[in-house]
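These are the structures, in structure tokens.
Here subunit A shows up in two complexes: once beside subunit B, once beside subunit C.
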Partner chain A sequence: MKILTTVKKVVDVELNIHVKDGAIVEDGLQYVINAWDENAVETTVQLKEQTGAETTLVSIGGGDNTDIIRRCYAMGIERGIHIEDPALDKADSFIYARVLQKVFEQGDYDLVITGKQAQDTDNGQTGIILAEYLGLPCVSNVIGVEVIDDKHLKVSRAGDAGTEIVEVELPAVITVDVSINEPRLPQMRGLMMAKKKKIEVMDLAALGTSAEEIGCAAPKSEVIEFMESEKRSGGRKFEGDPAEVTAQVVELLASEAKVI
Partner chain B sequence: MNPYLMSFLILVALAVFARTMTGRIKLLMALEPADRFNRIKDRLVNLVVIAIGQKRLVGRARERSSGIMHAFIFWGFCVLLIRSLMLYGEGFQEGFRLPVFGHENLLGYLYLVVKDIMEGIVLVMVLYAIYRRAVIKPKRLHNSFEAYLVLAMIGILMISDLLYDGARCNLVNIYHAAGISYLNHPGYGPEFAWTPVARAAASLIGGLGQPALDGLMQAMFWLHICTQLTFLNILPLGKHFHVITALPNVFFKSLDYPHDKPKLLDLEDEDAWENETLGLNHIHQLTWKQGLDLYTCTECGRCKDVCPAYVTDKPLNLFEFNDHLKHELLENADNIIKRAELVRQLEQCRDQQEAEKIKEKISGLNSQKQLVGEVIGEDTLWACTTCRACEEVCPVTIEHVPRIIAMRQGQVLMAEAYPKELNPALKGLERNGNPWGIGYDKRADWAEGLEVKTMAEDSDVEYLFWVGCAGSFDDRSKKVSKALAQILQKAGVSFAILGTEEKCTGDFARKAGNEMLYQMMAQENIETLNNYGVKKIITACPHCLNTLKHEYPQMGGNYEVIHHSQFIARLISEGRIRLKPSVSGALTYHDPCYLGRYNNVFDQPRSILKDVCQGSFKELERCGQESFCCGAGGGRMWMEENIGKRINLERTEEIVRQQVSSVAVGCPFCLTMIEDGMKELEKEEEIRTLDIAELVAMSLA
Partner chain C sequence: MAKVLVVAEIKQGVLKSSTAELLSKAKAIGAEAAVVAIGSNIEGLVPELVKAGSDTQYIADDAGLELFSAGPYAACVVDAARQFGADLILFGFSESSKAAAPRVAAQLDAACASEITEVAADNGAFQVVRPAITNKVVQKVKVNTDKLVAVVRAGAFEADESIGGTENVVKLDIPAPDLKAVIKELVSDASGEIDLADADVVVSVGRGARNEEGIALVKELADDLNAGFGSSRAMVDAGFMPHNKQVGQTGKIVAPSLYIAVGISGAIQHLAGMSGSKVVLAINKDPEAPIFNIADYGIVGDLFEVVPILKEELKKVRS
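This part shows the complex of A and B:
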């Protein structure tokens, strides 16, 4: 089995993100692997351990992604591709999906594993659009994967009503949720060894395509402006006689919060 | 008596002994180096106080009776060494006396009386020891055939010598009654006026005639000699090797810092990764001093008696830990010695092909057993809180903790096997410089509105207040940071914090074996501190204190670091802050391990607490040097505690038993653990858990 896994470099959302003049203040920010993609990598490595699958990772944009790709090497991924091209600066999910389609077509893969969303944009589109472009079956929000045979996976996904167990024929695309596993921490030895491993960096031309072909000129969606999220004000604590407090709260809900 | 038999016995016994000892010493010399030959004067002081003075045996109130027992047996042995020389002399020439200890001078008589009384005392002590093992059966003792055998041998040594003397005393009297000098020497006889115990033995055999006494003397003599030579040869084979190794082990103990600091590993060294030399992965990687520690362990069990992990039923039993390592070491002795020889050859080898061959041979000599997993259980290794209680009570100064940390390093770096629940904390450290994983940019949020400067704003200050991760991110500990800031401001101390530039010191990562993350943290912190030219640091976290003070110098960070309790005590004594006692009810204090046992700060917290307390100050049952860990050290704060009783509960129950209304702590981890314990026991309303700084802030006049 050949697995292609996607990884996005995103801003660490543990930090306070500040916005100035409609743009994010870069100063003090740090970048990490998108949490869901880390689960995708973990899923991939587990499948490799079970079946001996070949593993390839692709990451698009983000400037210098060496750290992130090395981390994935240290987790157990064998091959890393980084697509970097100035034309991709304003890429949206559709464009990412087009690029991934190109990567897929070059590699004869059986399975694509992506995180179900990225923690910076929370769009959750890329994997699904990729499946559409490739004309492959797609299972989203995956919380468990089992290999049936070379051509079939048994996949569980978190559906609206409960867990759905789906059998899917390969090749296919799955997008995984964070609850699927606990990603391993890359170990030092692996990190040391990863330093020696090559990362294949390509631009669009090297990938055999162009900005025009994948629609960079006219993205379907565009970020116009960033706004800082509103700070949550602290709660209020009421103490005293339950009857009095209740009356107080009801009064405030009507007068101040205007919800009743 | 019989020079031929005597020579034969001595030769055989010494030959066997020399053979065993050569093997043992060769094995030590094949182990890794440890630099323990400096500062001979300080080492001699330790030797006199701890070994010869038996400080940790007679000095501990909890173990005084057995301590005194052991001390007298030891001192008795020291005294009897001279007597033994005389006896060996008698084997060649009856009536032999050492030059200065003869009958002619006072020293000889003084020695006789001391020796005689000591023999009596040792005999009583041996009887007490047997009684203790067989009847009292203290929990920490592990009864073995060897223990009884050795006690019996010591008893036989005393009895045979006393009866030997007693028989001679009676003989001398019989001779004198007949008007003949014993051994044709008028000097024999008066010495027995000095030996009450031997005379008592003499009276026991008073009815025997001359031939019987002659026979008895002969028998007792050879019994004594044979027992002693057998004893000598049994010593190196078991736990009684300590009779020989304890003195050198104490002599070579760590100076200054209580134990070997974790080794600063060269993580960039690719060969080290290749050859698995990072951390302690194989038995041959022990240092010779660690080997000597294993030889010396007496299996007295004092360590497990005070071990928080053992007391709460975790699988860590330190004397078994030592014993298993010792067996592994001895089983592999030949291979380890061969290996060391090959390593030397490899170093001198210039021919690549030859070198490859040697390398192959070397790797073939590794022990067949996994050090962690087969020799020492994983749960055993990870149960340690690194509290050092074991090391503090060990009469022969065995250093358990550095070995445990080195083995954890091996597990983390080489085997990649460690409790996975550490991952979130480690990841948090890597990304945001704190084990909570909270955004690093929120590190100074606790100080909002307090007018606390950061070094970036003004680095022209006397002190850096090192807040630490708990003080910065943990809601409960933030209150401690605020209290301390308030105290410093009140006293007009010139200080600043690093704010978002501070990172975890890396303490927990290092103690959990993750040397790489530790070094990452340390390197960045040292760079920041040195850039600002920081010289003096105050901190409320003993783990930060210990790391900044003792471990950062390894990487070029040298600072004068002081715990807030020490600093507050100084402010009080200099009159820079005044306190009015405002804490009502009785108060007790829980000594944090890394403040007390690691850094010897015991008095200042107590003196402060007595100043703020209206009611009485009560000590806990286990306090000071023998304080009981809260359970959070050594990275345990970030691991599950699924086996046995929770350590913090054991400690909290002890606090509750004291019937106090507040318990003071001096460490954010202790604060969390004990407060959690109080909540679990539903005592948090009755007994408040507060940091020293909070109590002082409440009491500022």
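This part shows the complex of A and C:
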């Protein structure tokens, strides 16, 4: 089995993010591997351990992605491709999917694993659109994967009515949720070894395509302004005798907030 | 005039409130509004779909559509969108919608926007507003195509009871099943329970409840209030709570009148799923827990002590 796994470098959401004049203030931001993609990498490495699958990761944009790709190498990924091209600066999910389609078509892959969304845009579209472009089956929001045979996986999907057990024929695309696994921490030795491994950096031309073919000049949508989100401010905090403060809060829920 | 197609949200045969909310929004922006309903044994819902504000009802009713499968589901929406000539296709907020909307957009060569809280048509060009970066910022997004597919964040729009529609049923052809992604089984843990997405009160349990005993205690509080019962991610990962109860960025987005967070510290991923609630009550024994920074009312105390008292006090007030 040959697996292609996507990884995006995104802003660290645990740090404060500020907006000024309609744009995000870059100062003080840090960039990390997208949380869901880390689960995608872990899923990939587990499948490699079970089946001897060949593993390739691809990352689009993000500037210098050496750190996150090395981290994935240290987790067990064998090959890393980084697509970097100024034409992709305004890429939307559809453009990312077109680029991934090119990568897929060059590699004879059986399975694409992506995180179900990226924590910078929270769109959750790219993997699903990629499957549409490739005409492949797709299962999104996956929380479990089992290999049935060379051509079939049994995946669990967190759906609205419960957990759906889906048998999917390969080649296929799956997008994984964070609850699928606990990504392993790269070990020091792995990180040292990773430094020696090559990262294949390509622009669109090296990928055998062009900004025109991908449609880079015409994103279907673009962010024109960022705003601060409305912050809920904390109200009152009640400490003291549990019976007393609880009675007080219930009284306020009824008389002041009028929600009970 | 813009044409808006709303994808009806149907769970276990019941039409969900998001359908009327989205149809009301469609009419509020001056659009002609149609609805597409997909499922099994749903023809009886037509009067409700009309009352909710639709002027055309595209119906795909087949036993094979009982379980959600993104391929056939998207095919029905695409069929209805083409027949209607829809400019804007609105989905309610659900896992099914999140799976189907990008497919529909790709097939119609439309733009796709997830989790929107506002949509406006400005000279025929759509603009949407949506949270991003785990709810830390809000984006205004300009749509460059003439068609847009959008998933609307839970609670973003209100239903206008005064609007109505007209009955004009169009039956859709039933698409072939997806033979390459076959649902073998549905492990359901949601039947007979109050749906988190439309509950007026939600009680959620976190790590502070420690074990089954703690969860049972918090569940009693939820039952007393006729509330939806949710969970933090920690309790799901620990195997104490089912996945579909998880409130947060990666789970359910809720916006009830009252949200009660019991033993939940308040990681940003959890806050992203419930910060649209009207009133938040938090119970946590750590006075520094981040949940208190966003709670309207916070009780600092051991939930095993506070919850039984809270149950009694609520009973007094409500009787």
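Throughout what follows, the second predicted complex is superposed on the first by the 236 of 260 C-alpha atoms of A that agree within 3 Å, B and C clash if a C-alpha of one lies under 4 Å from a C-alpha of the other, contacts with A are read in each partner's own complex, and residues count from 1 in each chain.
In this section, contacts are C-beta pairs under 8 Å (C-beta built on N, C-alpha and C of every residue); 3 or more make two chains touch, one makes a residue touch a chain.
Since the structure is predicted, the reported quantities are computational estimates derived from the model, not experimental observations.
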Q.
On the A-aligned overlay, A:A243 touches which partner chain: subunit B = first, subunit C = second, or both, or neither?
A. second
Q. Which holds for A:S221: it touches subunit B only (first), subunit C only (second), both, or neither?
A. second
Q: Considering only touches as defined above, state whether A:V32 meets subunit B (first), subunit C (second), both or neither.
A: first
Q. Of subunit B and subunit C, which one touches more residues of subunit A?
A. C
Q: Applying the touch criterion given at the start, work out whether A:E49 contacts subunit B, subunit C, both or neither, answering first, second, both or neither.
A: neither
Q: Using the superposition on chain A described above, determine whether A:D64 touches subunit B (first), subunit C (second), both, or neither.
A: neither
(Q) For A:E14, using the defined touch cut-off, is the partner it touches subunit B, subunit C, both, or neither? Pick first, second, both or neither. (A) both
Q: In the overlay, answer first, second, both or neither for which of subunit B and subunit C A:E212 touches.
A: neither
Q: May I ask you to decide whether A:E251 touches subunit B, subunit C, both, or neither, giving the answer as first, second, both or neither?
A: second
**Q.** Residues of subunit A at both interfaces, subunit B in one complex, subunit C in the other
**A.** 14
Q) Which of the residues in subunit B come into contact with subunit A in the complex? A) 267, 270, 273, 412-414, 416, 420, 423, 426-427, 431-432, 437-442, 500, 514, 516
(Q) Going by the contact rule set out above, which residues of subunit A touch subunit B in the complex? (A) 12, 14-16, 28, 30, 32, 182, 184-185, 187-193
Q.
Taking the touch rule as given, give the residues of subunit C at its contact with subunit A in the complex, in rising order.
A. 11-12, 67-68, 70-71, 94-96, 98-99, 101-103, 105-107, 110-115, 127, 131-145, 148, 178-190, 201, 225, 233, 236-237, 242-244, 246, 249-250, 257-258, 268, 275, 278-281, 287, 292-302, 305-306, 309-310, 313-314, 316-318
Q.
With touch defined as at the start, can you tell me which subunit A residues reach subunit C in the complex?
A. 11, 13-14, 17, 19, 24, 36, 92-94, 97, 116-117, 119-125, 128-129, 132-133, 136-141, 143, 154, 158-169, 172, 177-179, 218-239, 242-243, 245-247, 249-254, 257, 259-260
